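So the structure is just underneath, and the comments pick up after that.
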């Protein structure tokens, strides 16, 4: 038995809307589970195409989460810690992949990196063909997931404030040291939840992927594309695969949260 | 000229990945704008169906953002401020609409609230028909947007900590007063960015809406559904409408951020 | 032949061909040792835009002639497109037909929850044409983006009736019931197939086209409810 | 409102109990990390002890035994206001609204609570800063607002953790005055490191060391006749502990100190304390010859000015001498000296 | 390392300048909100003044004039370490790693910096708490770690904002001792409210009031002969300002104070200060008859014990009397009394 600081307690009424909200979000999941054809569950989810799609989804989502972190952390830091003209507009623009319907996002990527896109010709000249490859899947996922990471992290950075960074500077730490030893560790929880959001979004991404990368088994057919396709011909398989997606997500999210818990 | 506390400065190298990230996100938007058929832009976006879809999108997104706030704030508070067995699992589950491909989310809603769904029969018996109505659009949008609000707000609540709530309690404030006068004002920036995320996601929502609510001009056809549909026959119109969506989102996001700036 | 080691044939086919082309591909792989057929299914217009944007496709089987015209307009075809199947609309209702639909005329009116395809997609265009031919004004509760969405609404019981292709009704099995629609006979959807110019494996692509047009291909298609091309 | 508390917090090495009478003000003194703030947290209901009781005016607020909490009233229902060591002003409220928070939560109307708040701000001499956000206050100004906020809450029991920290010399006497007025009618526990606060504000002093109460008594008593080394240092007195032996105090090292016995006479072998003021101590470079006196050989550790005098601190005791004398002796840390004190200046009492 | 600073921060009503010699320690004293922390922020480069200069050893660190910053060296390149009023220990690092942060940023290896850090922790007497996270330290323990962290950074210029805050009486002398050793070789600016710190640690005292420097001189000088009311109160001295008139100090209200002139003789009409110790002041209920003395009619405002004595504070001046005398007079705030002081006890000097 360890001594614990107690919380101040929550107002009782708050549990009413909270439960309502939880039920609203959870019931549909229950409904999906209720529809699963358990007799054929294992064969359905272990078919070759399912395994290929799951594997591809996991790999591409991981890579795009890493990309989101590599590019998104600097963006969030710049947005949170500097002030310049037009920053507000830039921030809104960075959020846009959120609001674009994924299919339009996919089109925009095609218009940019496709064979006839803005950069496509340059890339083609270099012999790089992005569209309809696994690289395209990663790009589509990165494009739609990036705002999640940037927004959560910028919020965390602003809430954490600059006080400790200032202290570190007065102790002689240069900007890079401050960033590595103070800024990052302090916002680690925010960074982790941002990364989890980005991973989750990448894992569920479908519209932009199909439009920009197509849906070819083993190369560009991710689990959501497979589900989308199966939904027509084999709803049972679609539901079973959706459940797999859900389980993978729960495991990954739970894992990340646990890691986060232990750093606190 | 006002005196200002200075920031500690960022490492120079951080601007490289930040710019790369910004370019990656912004180029596709530029590509879209480059494709706009400006000659016919105004007629394209002011057609009756466009106006109806835009208006519907704005209304439903607003309502679902309000719903997200009403249900999501209590959920975030409960997740951030209490501890109970299975909380980790519950948190992962609440995040799931994020990872579910929207179409599967729409199916899940159908399985739940549809005429033959889990609750559908009860609802039918009460004379409530949700499917094919604007209410269904709102439900679909709320379902997919909720996790955004919950995640950002829970992060903000955890970062802000309970110190001020404890102080308020020792000054005699009951839980409801603490919630209203301390907790909420302190996490207002987090709540606002959560709401912006939710609104943006609702505005761009398409898969779940189409699956659960269908698509009928004036009733359930949101701007993203219209864009998706136009994409086949009239790509110019689709691009123009996508641009409208982008502009609406920028305005709304910018507006929300401004409001937030002034409260700081 | 034995020299086909590790080659992959990319076939892009309309979503409505999913189950049939999977069978055709299996047959093709059996006949061509070492060849892997990779199928990519989507709406015809999505397929065409993918190919125009540089997707690595060897064969395209589309669900309507209009989309195929876009390919020929861009000169992306290796030979002339050939029609290989046709399809017609049917009324689809949930099992037990709760609304008691018997024919096209029953679909008019607001007390029947009807879902149809949006006029922008082929099945929607066909629906509109039947409606014009018969003079029956439909007041659907939803105009869906794809056949799958129409079927989804019907199988879930949300809608009382929908209009989809015969093949879709058959594919959906006992989750739905089909109701013959004589008025649809005049509104036939034709499926063309073509080998593509950028393929790099012209022979193999042409062999796949030939298989679809040949006896075993046609048999599989007929089994799924497709009518032969005129 | 009378208070009774006993608390054991294993993780922090705290295990103590004391009580406060109705209207009484008790000062808790003790070294850093002794457990002072921990006790206040337990009282305010912010920390559940591993075992213990808090009873305010007969009403049990905390009752934990054998690992189970039988009673645990939430903080806002305790009628206890806590001014913590960190001011923690609400950053989103102006100074005035911070102070008005308590009255408002207590049910006062908006205008009424603001009026009260501005009165309290006046009393801590920051009336002109009412509309400032906390981020725009100086350290001492924030501390004053925090004091005003705690006072304005009008609790049954007031807990103040170092209320005078960060305050300038100008405002301390005034605030002490204000507090004395306010605390006269209230039951209060105040943690402080300042002996003046203890003498001026508190009726009683509780000295905590290493998580336990080592002294508990009337302020003047404890500071005049300390039983713990900490209280002695706090009072600026020298304290030597030893055993009563042959009419004198025998210290551990073998030295003997003569003195006047105060209170009950000790029996031989009893442990006793010898207490005397630093001003009564004389310093010599060589052992003095003359009437028998208490003489101690020792080494100088610190030389510090102290008002008009210079304080010479040694391993054992301190001596206050005039600046002139200090200059003549030219002492620096490390010097060996002989300290002597007249027996009449030494009070001896039972430990 | 010599320092020169002049800074104007309009928003905070601060406009002052002073300098610090190489190896010198300067104490900044002043009431709450005077601008002490603001100056330190400007020095550390955390706040850009509206106008001003900071020059450390000939190297300009800040140069702002006419609204434009010609020079503004970032904080980490200044070689200036700041211990702020709020300890702000890094919450994600242990106490040891907090202290090791400075050496590590200065280029020391991991083990080397940790070794140094544990040495510093020892010196502030919290060596045993090295592996604790800051959230698990008491207020005073955290303050000590923060002091260690600032010292460990080995800066050219050290800025300490109330380093003794929250420390218990036991550790203050020891820490003062440590600081004195450390500060002897370093250029340091220390903000404090404690006159002992100023006397023991600082060579020179700068008194700031309302954003401007009102006194600047050797510590002992300023505290012995204060020119500002604040410094006088700080030193525990009475200070009366008036004009030299007919060989005496004529106060505003018409009263006259006699005294011994110290230093240059004032000319009639010059503004002068009369300074005397509270112990030199006698109190009467009725005006005394006898040899001519300085006599002031006034009202008692506070009665406070102060060590062995009782301090009687009035509108004008304070008097320290023995407890016995106080008991006989039975004074309470509000009583009218007559205070007198012998002319020989009063030092008069030019303002």
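Order as written gives the chain letters A, B, C, D and E; numbering starts at 1 within each chain.
In this text, a contact is a pair of C-beta atoms (placed from the backbone, for glycine too) under 8 Å apart; a residue touches a chain by one contact, two chains touch by 3 or more.
Nothing here was measured: the structure is a model prediction, and the numbers come from that model.
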Fewest hops from subunit C to subunit E - one hop per pair of touching chains: 2
Pieces of the assembly without subunit D, by contact: one piece
Chain pair with the most C-beta contacts: A-B
Mean-CA-position distance for subunit E and subunit B (Å): 55
Distance between the centres, which are taken as Cα means, of subunit C and subunit B, whole angstrom: 35
In subunit C, residues with contacts to at least two other chains: 152
In subunit A, residues with contacts to at least two other chains: 8-9, 117, 166, 168-169, 174-175, 178, 231
Overlap residues in subunit E, where contacts from two or more other chains coincide: 45-46, 74-76
For the subunit B and subunit A complex, residues of the former touching the latter: 7-18, 20-22, 24-32, 34-35, 70-75, 77-78, 81-82, 88-105, 107-109, 111-112, 117-119, 142-143, 146-148, 150-152, 154-156, 158-160, 162, 165-166, 168-169, 174-176, 178-179, 189-190, 193, 196-197, 200-201, 203-207, 224, 227-228, 231, 238-239, 242, 245-246, 249-250, 253-254, 257-258
Subunit B contact footprint on subunit C (complex, rising order): 43, 45, 113, 115, 118, 120-121, 140-145, 149, 152-153, 156-158
Subunit E - residues contacting subunit D, complex: 30-33, 36-37, 85-86, 137-141, 143-144, 161-162, 165-171, 173, 176-177, 193, 195-196, 199-200, 230, 233-234, 236, 277, 302, 304-308, 313
For the subunit E and subunit A complex, residues of the former touching the latter: 44-46, 74-77, 79-82, 84, 88, 90-93, 101-102, 105-106, 149-150, 153, 155
Residue ranges of subunit A touching subunit E (in the complex, touch as defined): 163-164, 166-175, 177-178, 181-182, 185-186, 188, 263
